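The structure appears right after this line, and notes come after that.
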Amino acid sequence: MRKVGKMLPLVMKMLIRKPATVMYPSVKPEMPEHFRGKLEFDASKCIGCKMCIRDCPSGALEIEKIGEKQFKAIVYLDRCIYCGQCTDSCPKKALKCTKCFELANYTRENLKVDI
Amino acid sequence: MGKILIPIGPQHPALKEPESFNILLEGERVAAANVTIGYNHRGIEKACESRTYIQDMYLIERICGICSHSHSTCFIQTVEEIAGLSIPKRASFIRTLIGELERVHSHLLWLGVAGHEIGFDTLFMYSWRDREFVMDILAMLTGNRVNYSVNTIGGVRRDISADQIQEVLKAVDILENRTEYYIQVAYEETTLISRLAGVGRLPEDVVMRLGATGPVARAAGVKKDVRRDDPYAAYADMEFNVITDDHADVLGRTIVRVKELMESYKIIRQLLNSIPDGPLIVKAPRKIPAGEAVTRYEAPRGEDVHYVKSNGTDMPERVKVRAPTLANLAAISYMLEGGYLADVPIVIAAIDPCFSCTDRMIKVSNMNSGEESILDWNGLRDYSIKWYREQGIELNNIKTFRGEVR
Amino acid sequence: MGTALFSILVFPGFIFLGLYSLIIEFVDRKLYARFQNRVGPPWFQPLADFIKLVSKETIIPCEADSRLFRILPAFALASASTAFLYIPVWGVKSLFPFEGDLIVVLYLLTIPTLTFFLAGWFSKSLYAEIGSIRTLTQLFACEVPLFMAFLGPAILTGTWSVSGVASYYNAHPLFALFNIPGLIVALIASQGKLERVPFDIPEAETEIVGGAFTEYSGRLLALFRMTIDIEMVVVSALIAAVFIPLFATSLPVLGFVLFLIKTLLVVFLLTIMRSVLARLRLEQMVNFFWKYMTPLALIQILIVLILKGVLAA
Amino acid sequence: MIDMEESLVKELTKKFVFLEGKCIITRERRISVEAPKKAFLDIIGYAASKLKFEQLCAITGLDAGENLEFIYHLANREGIMLNLKLTVSKANPEINTVTAVYNGAIFYERELEDLLGAKVAGLPREKHYPLPENWPEGQYPLRKDWKPDAVQQK
């Protein structure tokens, strides 16, 4: 059976319903448990094997030796595709994904960060 | 009034991605249509050849933003076939689950886009609102909303817990309720039907001749579904119907898609109720033995075909991707010709085109001069005039397009 | 002279009309959003949009006739605002009523649509030309039932002035019930006149980008946008005056509140129509107006004529 | 399990005797056939009309050293896939169009022309696809000896 304005009852009901809009950014959303955001590096666990660099699809990671068994990680936020493969590849689990996702910046230089 | 050549695209409000349709108009009628694609070339197939399989996995996933899981699963299945890996049952169930959830989100997205193309924004807003349920579910299961990265060679990366199963079932109940309503709308709302029925007809014999796939083919009554014909992952154990329709027009495609949603809910319930315990992953070698394989996958938009040839190293010799839109593209001109200009957007939208998938091969950037400069308005204008002049086009000489055609 | 100038320029003339049209646009957009389960724009959004457009660069295509391109928006705005002067804002009397102003108002309302056509045609752009042809086709389809719908009630009253019609029905409120078919036609046809869904064919953005306004930008576009908003106020006020002129009082404040309620009611109905329907095709729209709306308007006139005969007898 | 595949192979080798031994059932629902160039159109036409491989899924082009290899992936409604392989030398990379059999193959074949430098006889010469219009002649990106820096933006 055809009718014009089939959705009219539902549309009228919406007047009293709360809008479905998520009020981002005034209300911050809670990220899911497995969210793959900005990387986090635990320098004490790193053994400098560079497995993460080998598997990174976009060349976003750099591991630098800064001393005896001391490493620091540099990540290019503009290259990173947030796949989280490095966290899987790392044999010591020195890399971890955080829930941080608000990473926009004005210049490209600022997107190269030590983590 | 004579014939007018009207360009739709590369940039146009009806198109979500750059592609170009040159429509030759006689009044409001389309006399001829010509498709140009290739604006989105990123060189993925070539790039795959110089990356390892693990890196390719993520590159392939980014072929498309909507059917990312389809491409990634199709590619990984092919690699697994060459390597002779058989993945654990639980992993194949999770892959199938994500695949079906992706189909739900893609079809709901399509319903919204279709509504928008015919000026029915309320339908657009409602279906996208409901799509948020499945997006939230996907984010909960995999971490992210779009690129799930749940596949890995030899299995999956994320497990699903008992609580999550309950959450998914709850969301599926809500979505099923809403989808029933959309089916009613598709069958009853007069203005919707009058805009969709009889538009963009593509009868069965033309479907076969031009090789259209997916909902476009099924809407013409062609019972073609890779999930049934060439089962992969866990589909061999699932019970579902292949939805077909005999309208063979945009209305048929709408009905096929909304009814397919109901089948997807059915599959999701079966998957969740019978998911076996066990490991998630088998150890995969880094170097894949030499060989070749081709796999088909029923993506939301139709059949996705991946071919991989390996040469015994950790990088593939050749990767070939045939995205569903490329198969349906040949039918576009047929569907557009003889129709109205007003129907052009909805006919194009009805194949659910995904040009990121379709254009993916070669891109050359200027490697030598990495310099970047910011141009102001006049600078941009001068640059464009200079660019066109180099192409042999003098902008000042261009008169209107009218009268120059035929 | 001073008060007349004040009435024309400030209240209830141009400035009030401009502000009220922004409010009407806000109400329309907010309601539309709420119907779609969205939050919608904040109250100042139409004003902000207007200021933004005014402050932007105006680009005129080389191909276009520059003088005509500039003058048309002002022309459209002037005629739409002038039409408002003959519509009662409070009570049943408009500012400068004269016999026959109903016809003048309807003609003044046709002028903006014509300027849209001219603006599109002289933009010399493909989309704009197609849009302007569609505008003209739609004009021919929906103007006839619109005129007939408004003339029906006027026949009964024996006057061609909006104020006269309004005061007649205010005196005989029950007769307004006979005009319901006309009210339906007027609502639907004015939706077509205002180029809103399901009749937004001339500016269907997914098909022909911006329709006749494709090449317009900046200040000139702002004037056109304003014209459309003002048209909406005028049309809803006209429908309110002719079809629902009930409960008019001589108290200006109360009458003014009543005017707001009535126009907002009309806007509410128009917004519902736009949220539950899909856009029609050009030929479907033409069919619809000639097949259903024009006969319905004829029936309305017939009813009125019979009623008039009965009353005279 | 693979009865249907075997009967298809039998039917194919009955019609084209020289294909004996060149048809391999690689796995369930996959048949791979190495077709000689001169009989290629006959074979693909026979597969499409008589063996009911109604759908051309894709055409893969490969750079195999001295030769170019083209794989035509055909499928029927039972889900069986027939991979027809055609090898031509790089020196004379000429193949015939299959658009007469599969009308929708036009994009696949233009891709071969642009990316691998195949000469598809019978394909109307149109604009570049998928490469841009100003792409230099003789640059075929999917060939193994091609490097991205071979092409520079002007």
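Letters A, B, C and D name the chains as they come in the text, with residue numbers starting at 1 for each one.
Assume contacts are C-beta pairs under 8 Å (C-beta built on N, C-alpha and C of every residue); 3 or more make two chains touch, one makes a residue touch a chain.
Note that the structure is a prediction, hence the values are computed from the model and not measured.
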Seminar exercise, completed: Looking at Cα centroids only, farthest away from chain D lies chain C
Problem set entry | Length of the line joining the C-alpha centres of chain C and chain D, rounded to whole Å | 62
Exercise. Taking each chain's centre as the mean position of its Cα atoms, how many Å separate chain B from chain C?
Worked result: 42
Seminar exercise, completed: Expressed in whole Å, how far the mean CA point of chain A lies from that of chain C is 50
Seminar exercise, completed: dist(centroid_CA(chain A), centroid_CA(chain B)) in Å evaluates to 24
For this session: Pull out every residue in chain B that's touching 2 or more other chains.
Result: 122-123, 126, 129, 189, 191-192
Seminar exercise, completed: Shared-interface residues of chain C (touching two or more other chains) are 35-38, 275-277
Problem set entry | All pairs of touching chains, each written as two labels joined by a dash | A-B, A-C, B-C, B-D
Exercise. In the complex formed with chain A, which residues of chain C make contact?
Worked result: 33-40, 272, 275-277
Exercise. Which of the residues in chain B end up touching chain C in this complex?
Worked result: 4, 6-7, 12-14, 25, 28, 115-123, 125-126, 129, 189, 191-192, 194-195, 340-345, 399-402
For this session: Write out the stretch or stretches of chain A touching chain B in their complex.
Result: 1-7, 10-11, 20, 32-36, 54-58, 81-85, 88-89, 97
Problem set entry | Contact set on chain A toward chain C in their complex | 4-8, 11-12, 14-15, 17, 19-21, 23
Seminar exercise, completed: In the complex, chain B touches chain A at residues 51-52, 54-59, 61-62, 122-123, 126, 129, 132, 139-144, 147, 149, 152, 157-158, 181, 184-185, 188-193
